[in-house]
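Look at the two complexes coming up: chain A is in both, with chain B in one and chain C in the other.
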Partner chain A sequence: MSIEIRQLTHIYDASTPWETIALDRIDLTISKGTVFGLVGGIGSGKSTLASLMAGLGTPAHGSITIDGEPPDPGRNVGILFQQPEDFFFEKTLFEDMASGLLHLGLTEEEVHKRIHSTLDLLGLDHQILDRSPFHLNRGTLRLAAFATVLTMRPGYLILDEPTASLDPKSRKRLVEVIKRISGDIAIIYISHRLQEVVAVSEYLAVLEQGKVAFTGTVPGYLDWATGQDAWEYLPVLNQVMYGLQRLGFDVDLNVACLEDAVEQIRLSLERT
Partner chain B sequence: MIELKDVYFSYPSGAVLEGIDLTVKKGEYVGIMGHNGSGKTTLARLITGLLLPGKGYVRVNKIFTTDSERLLDIRRSTGMVFQDPDAQAIGETVEEDMVFGLENLGLPVPEIDTRIEKYLDLLGIRELRHRNIRTLSGGQKQLVNLAAVMVMEPECIILDEPVSMVDARCRKMILQHIARLNHEGTAIVHITHDPEELIRCHRLIVLSRCRVTNQGTPHEVFGQLLDEKKMDVPAPYAISRKLGLSPVLTIKALLEELCRSRSGN
Partner chain C sequence: MIGIYSHGRSYMHLLDPRTKLALMVGMGLLIYSAQLPALTVLLALVLLLSRASGLPYTRLVQGLRPVLVFFSVIFLAHLLFTPGKPLIEGLVVPTVEGVTTGSVLVLRFILLILYTSIMTYSTSPSGLNYALTFFLRPFGTFGTDLAFMTGTAMTLIPGLFREKDTITKAQAARGYKPRGMKGFTALVVPLMNRSLKRVDELSDALESRCFHSKRRYYYYRQTLANRDYVAVGIYVVLAGVVLFVRFEARF
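And then the complex of A and B:
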């Protein structure tokens, strides 16, 4: 049960002066029951890979299969786009959220049930359903977009920058929800917030100019980043720990949270 | 240069701002934080005259934003990087988008050209000059939007979550440029959910429940936020405080503090 990506290449505007090789012979396997982090600089190909995994567009070369089948958006895979605000069209948020579900052939009763239970899961006020999506503040709109993909209950869920524009409280909530649902499904988690990526993911991959620069476990990733002294690839807390290690402090590189980091530093200070 | 006096604003859905007093002096760097829906974007729109207050007033260089005849002067002295990267662009290509505003300023063609080149180079996106904006990646769009505002060289730049979609290296680069512009005299109003972005600002403001709840230097406000456990503060600040060191805002300063504390033992 997995997404298999084999020798995937994608080129935009081929044979023009703007030709961009967005993905260059990518090989990745993403298994059910895991959260898979995907990071990399701007323009490195993350959103392109996300769209192709979601069955939108055809790759120039190579293949993507989901449980052996081609990706079928709304059926075996769901995606939260990096800019979901572009995908709202209706007069009310409810109509927007319901349209995809009705399209899947669900009864109206089931549609209502799913939408309301998902809003509860995310702690969203049900009153927003009657409002125009265009009149919502950005963070709320993005949470609503996340809720919309969740109602589709995809077995493979791709999240492209799900926490951009969210305040710390909503971010925490979203991460909790991801941890809760990830047991049964696979989640591909794209983000520039490295602290968050290492906290939610079990495995992760780094894209650099369309190529896979690293793939492996989270501790493996931290070792990879420190091995080449790439501070910009380390989450803030790990930067602190790495800096301390280099100054001869006896601390672990891999810390789970701020309290953990503080405790480690305290112990290390006591030992000296 | 910007003055909000007892400003009230409501949408039909309800009150958003109630009794806001805020001034931004020439060359000042003001940071604004606040939870989702607290009214940050609304405030930014009020400053640029895109929205008008229901009560109270907003002035930019002494011009009331209600003075429709002089709205153009306000638009010239303030430039805003929008929260939604797709809401800002007017042109098709990156170049067209930047040319548009500069032509309106009445600059001669050669100067337009050199200015565009200067700012694209500054942000490291020279190769995007002839690209269609809609086909850019999320982070590339944010860089282009920044360049399009910087190129106008306004007296005040308003940034509504300007780096929410860029990687760490790029964020650092952008923040350095913002700080340098500020150093050279540009006033900055910087809205964000990430306290780390605001360590260089002169004054930090927190919006909550329609009002300003905290205001002061980053050190003062982060101190209050940490005590109130209300919001995130920069990790180095939280760590230094929890360890009982003198509070610091950067990793570099934290490491120095820790070395000092180790040799003191």
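And then the complex of A and C:
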């Protein structure tokens, strides 16, 4: 049970002067039941890879299969686009969330059930369903957009920078939700915030100019980044630990949160 | 293809945008007044210019594809509805006159598109905007505003297409099929939403950098070079020949 990406290449505006090789012979395997982090600089091809994995658009070369089948959006894979709060258009949030599901051929009863249970899952107030999406704040809307994708119950869910341009509180809430649901579905988590990615993911891939620069477990990633002597690849906390290590402290680089880091430093001080 | 600029250093690229814009208008007039023999000369010239600007013929011709149906309709209409001498003995249509007027009209459209393609291919949007501002200057603030508006709108168009692409994909991912009225709103509402936001930001950004309509000066001031005079000279000779051929037929 996994997403298999083989020799995937994608070119925008092929054979024109604007030709961009967005993805260059990508090989990745993403197993079910994990959170897979996808990081990389601006324009490194993350969003392109995301929409191809979601079955939106056809790659120039190579193949993507999800549990052996081609990706089919809304059925075996879901995607939350960047800035998803812009894509609402109905008069009420409920209509917006429902009509996509109706298109997929669900009964009205089932649609109601799914929407309400998903709101419960995310801890959202059911009253927002009757409001216009244009009158809700960005944080709530982001969660609502997330809920819309979840109602389709995809086995694989791609989140393209879900926490970008949110305030810390909404961000924390979203990350908590992601952690909560990750037991049941596979999540591909794309973000610029390394700290967040490292905190939620088990596996991680780094894209660099359309190529896979690294893929492996999170501790493996931290080793790789230190090996490369590339500070910018390390989350801030790990940068601090790396700095301390260089100063001669006996600390573990692999810390996921502030508490871990404090504990590491305390232990190290006790030992000396 | 019209509206797609490519950076380069060809003869056409190096011409002053003002020269190119003026000659483009001039070419339009020539094409409008030319008849079949002169049109073939203009066609030969456009192929030459395509070479001179580094635009491959395949891409030049690609620009015609979207309007192919339109051309066929025009041509057919003329073929079927122009009275005159029958082309084939015993049939009322098509007529010889129908074939000639039809092909002249279609050829004119084709030439207009080809010349415009070469101009936009070799002139950057900002260069075009500069030329437009220059020629609209006699109309005062209104002229410069108009030039600025067109220039800004032109730079926003490619972004709009990319946006449309993203929105269609995002809606498809939510289970929408872009079909019927619903599909239309599903595309247009987010598109307006995002574009208006963009435009709003742009106008704020302009204002914060002290732009307002009565104070716009171009930082760059270009002077015409020899090649501009050469180009204008070639045009004058060409125009003379075309007009001579056209009116000489009358005498």
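Please note the rule applied: the second predicted complex is superposed on the first by the 258 of 272 C-alpha atoms of A that agree within 3 Å, B and C clash if a C-alpha of one lies under 4 Å from a C-alpha of the other, contacts with A are read in each partner's own complex, and residues count from 1 in each chain.
Throughout what follows, a contact is a pair of C-beta atoms (placed from the backbone, for glycine too) under 8 Å apart; a residue touches a chain by one contact, two chains touch by 3 or more.
Quantities reported herein were computed from a predicted structural model and do not represent experimental measurements.
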| item | value |
| --- | --- |
| Comparison of chain B and chain C by chain A residues contacted | B |
| Partner chain(s) touched by A:237 [first = chain B, second = chain C, both, neither] | first |
| Partner chain in contact with A:99 - chain B first, chain C second, else both or neither | second |
| Which superposed partner A:86 touches (first chain B, second chain C, both, neither) | both |
| First, second, both or neither for A:51, with chain B first and chain C second | second |
| Touched partner set for A:42, first chain B, second chain C, both or neither | first |
| First (chain B), second (chain C), both or neither touched by A:224 | neither |
| Overlapping contact positions on chain A, where the chain C interface meets the chain B interface | 17, 86 |
| Chain C to chain A touching residues, read off their complex | 4, 6-7, 59, 166-167, 169-177, 182, 185-186, 189-190, 193-194 |
| For the chain B and chain A complex, residues of the former touching the latter | 11, 13, 34-37, 41, 83-86, 130-131, 135-140, 143, 161, 164-172, 193, 196, 231-232, 235-236, 238-239, 242-243, 251, 254-255, 258-259, 261-262, 265 |
| Of all residues in chain A, those that touch chain B in their complex | 12, 17-18, 39-43, 47, 82-83, 85-86, 131, 135, 137-140, 143, 161, 164-170, 192, 194, 232-233, 236-237, 239-240, 243-244, 247, 249, 258, 261-262, 265-266, 269, 272 |
| Residues on chain A engaged by chain C in the complex (per definition of touch) | 16-17, 51, 54, 56-57, 73-74, 78-79, 81, 84, 86-89, 99-101, 103-104, 148-149, 152 |
